[in-house]
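Just so it is clear, A, B, C and D label the chains in written order, and each chain counts residues from 1 on its own.
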């Protein structure tokens, strides 16, 4: 469906307002209000809050009706055949995503007013948060690749600022750097992908690109799969997929609300969102350039699906032996992102978006809950030093439990159940039984490590002084937990999946549930295999967790399986492998580049030229007498010569 | 007389011009002489004295009634003064720079007379081709400003040539003052010419000719005020006579001068006063036009009437000059500069702006 | 002989050369500066003459601009000379040769 | 007579301008800068006379008002303030003088040759009147932007001079 180009109407103003409000507040705070906490709070809260309100309005105005609108683009630059513009898309995909981003962002803002209360850099924190929200909204609303890429990088920058917020801690500064550099690798591929697509189609606008592809399916030629994989590389970086996943666990050094916003609900989801936005580019038959022809019939989607599945599995396994509450959640995030990417690869971007939405809610809730626990335990993050928090922090415990249920995919009573099942269904439908198997297996793993977390941290006896005096935090921190608990439980009951299906595949026949049993037990009817298997594995994981950890004073696993445990605790040695292989390689290349720069560029060219000039100058220096009139005389002689020549 | 009319136009023009120049020059000189007397008499009245009443040539005593009255009025005083200047020893100090020392007094006096050239002092004397103005330039006011700006040289050179610190300081002060106020003066007049739409002074008079209500003094009171005050500064008269302030700089730039050379400075000052008054009459008080209007004169007598009207108006303004001198205290130098640069120039600019806006509004 | 454009141009050329001579031969910075002004005036004369004989006001507009620029330039230049004099105690070009290498 | 008068005036003014100009730059009697300045004033006034002959009345007035009335007074001021008379005490080097005169003569020759070679159509009927009305119209329509730029330039010049005149110039 071609987008309807409307003149400046209110949807346009709405979209611009949603996009720019956080930026304005961030700028105002940075430029003027660095010392005023109250005003900072009011400004940033109202900016995001109003943004959320407007997003809801926009959603009901345009999203629900399924209309696709493109705001009149503002021309930004035009170089040769590349004309970049700033345009906003308002379609079902972006409107719902807008709600998710602004909604979670708003709750995180509210939560942060409590969490960051004592921080001396409070205004800087909120300015960075506003800046991040702005960048993220930019990706969501973007209608072309160039703009996406710009905001993509802005998201990287703002996440750098937020992860490294406590830059005086070396770990935080290193983590921020690591996140930024790791993302660069993915972005490099992303940029290459964009260039290939632009070279082939001659446009960077999503709509124009889709139209061209529809008119001429083979337009990308032999580069089709390569382009898809390169674009996916961007998502690999941002959504922390397998080879580049190492930054996300480290990024937990940032403030916990930041982890909730960036590393659970929004930024890491940007990769998945982008994949869904350009799904039409990925869903092409396999075609590789000659040099890569050995890849044969592996399509871009295959690569995507397998990457996602492996990430999901590896992250799930590593999570079992983590002791840091935030790292457990980080690996679980990786695992869930793997699900989403796998869903995209299995031809189910609607399922991916569905899971993205539900995951945003319950993972944000988990992180915020974890933040409440950390806050209550005086910044203790090791779960083995907690215990017995259920009684002392009932609100946190119950909301955390609900979110855990959603993450594990507890049937009916959680949103995760519905979205995960949609993914299993997609895997089955695309005829990839192995992936389906991995996916279902990961449900068991998820249940295992999450149950471990809940049992150790919340149940049993307090294991430390701090934990025995913990209490629920103030209302501005519990309120977001309670609010987020509602969609965590109930989002699956709404036809979100069907909504995304019609959003991404306009005109597709969607299965619409009607009636009580159909609504609540839809997965059992719709794809019973995944639902039942998942439920079974979940029960298995739960029982294993209880058998192993109930009442345990310390982790029994290192005792029984020392090697596996050590490997898992060291995160399967990913960082070490990188340190042993990639980093020396990189250093060698850098040393070579440095040599070239120092001796060839700087030495031969720069110094050589400057040296030659210097010599020349020394010769000319003899003419310089310092006498004004000598200069004047020479000047006049020159003019006389020119006049003479002109007269000839 | 008719023989003149048979000459070709250029010769006629040259002849008429020479006559006008000579007559204007003589009249101005006479006015200068009697302005000095007027100054002394008015100051005497203001200070409740009698003033000069003794100078008398030998024949005056033979005139019945009128003779003693004239002597009492001091009519013969200027002659005595002139004679005194001529007969005094012309003393030239040893270390002066001689050429410039001689040149400076002349350079002070000349510009004042040259300004008068563009002022229409009457309509015609019956011959419509022969207006009563020496040079009817279409950039008249610019010409007079240019000439006035040359007046600075006399003072600067006098200060420089004297080779002595008091004249030097006086010269610097005076020239800085004149340059500063020239700007305010020029800017104040801009508004006047914007209203009239021509730089030719004859056109200015024509514009105001209808009756007293058309005089620019009413239409541009701010411009008139600035012009009037600037004229005081330009002529180095009290309350702006800093260059020659006796108490501080002995006598200013003319300290080292004596006798006739000093008289030339004196002459220049009064001639400048006359020129300034004449200019103000032309710009703001309708020039030669009667307050009740009436166009160019038809006959010889009518023309004379206009000239007399012009002279009367001018005398009134001269009276103001003299009156102000004995009524106001002297400004301090920084106050003087402050007034010029920070009050008058902005005021004049605002006046121009407002005038422009009003004109634009009226034209629409 | 009727005075034409070339008469003015010759006068202008001669004045220009006189100014140039001043610039080259005089040693006092201020006099050199005055000679420059003379050259500027010579150019102005040529422009006005051209403007007159080509029935085009643009030359006169140029002269107007030149005079304006000259006023600004003289003010700045003289301020520089005064500043230089304050520092070096001389306005004699032969004493101002710190550019010599 | 009506043809003779402008010609006579031209020769008078041109001659005066050249003589005064010569006395300004190469006065054999005095090398006092004040003398130079005064002769430059006279040159400028003579040039104003030439402008009037060229019917550029406005420019003639401006020439006197700005150049003679403001610029040259400024020169005199500076000369007086610096009290410059040293040049009189320095001896002239004959070589420099000769070389300067020679090069200037060459330049003058080239320029005059150029004038002659161009052979401008002499004696065409003069057309434009450089009165304030025409000039102002051109200035405020065609050349409005340069005019505004000029005002900016003057402002910049003013600020620059004030800064330069500060005593504690670093």
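Keep in mind that, in the parts below, a contact is a pair of C-beta atoms (placed from the backbone, for glycine too) under 8 Å apart; a residue touches a chain by one contact, two chains touch by 3 or more.
Quick caveat, the model's predicted, so the values are computed rather than measured.
Once chain D is left out of the assembly, the remaining chains are joined by touching only within these groups: A, C | B.
Chain D has its Cα centroid 29 Å from the Cα centroid of chain B. Centroids of chain C and chain D (each the mean of its C-alpha atoms) stand 6 Å apart. The distance from the centre of chain B to the centre of chain C, with each centre set as the mean of the Cα atoms, comes to 34 Å. Separating the centre of chain A from that of chain B, both taken as means of CA atoms, is a distance of 86 Å.
Of all residues in chain C, those touching 2 or more other chains are 20, 24-25, 27, 94, listed in ascending order. Counting only residues that touch two or more partner chains, chain D has 58, 62, 70, 96, 99-100, 103, 107, 111, 114.
Counting partner chains per residue, chain A shows two or more touched chains at residues 629, 633, 636. The touch graph of these protein chains has some other shape, matching none of line, ring, star or complete.
Residues 1-2, 5, 34, 38, 41, 57-58, 60-62, 64-65, 68-70, 73, 76-77, 80, 131-132 of chain D touch chain B in their complex.
Residue ranges on chain C touching chain D, taken from their complex, read 1-11, 13-22, 24-28, 30-31, 33-35, 37-38, 41, 44-45, 48-49, 51-53, 55-58, 60-61, 63-65, 67-76, 78-83, 85-87, 90-92, 94. Chain A contributes residues 621, 624-629, 632-633, 636 to its touches with chain C in the complex.
Against chain D, in their complex, chain B makes its touches with residues 8, 10-11, 97, 100, 137-139, 142-143, 145-150, 152-153, 156-157, 159-160, 168, 171-172, 175, 179, 182, 199. The part of chain D that touches chain A in the complex is made up of residues 96, 99-100, 103, 106-107, 110-111, 113-114, 117.
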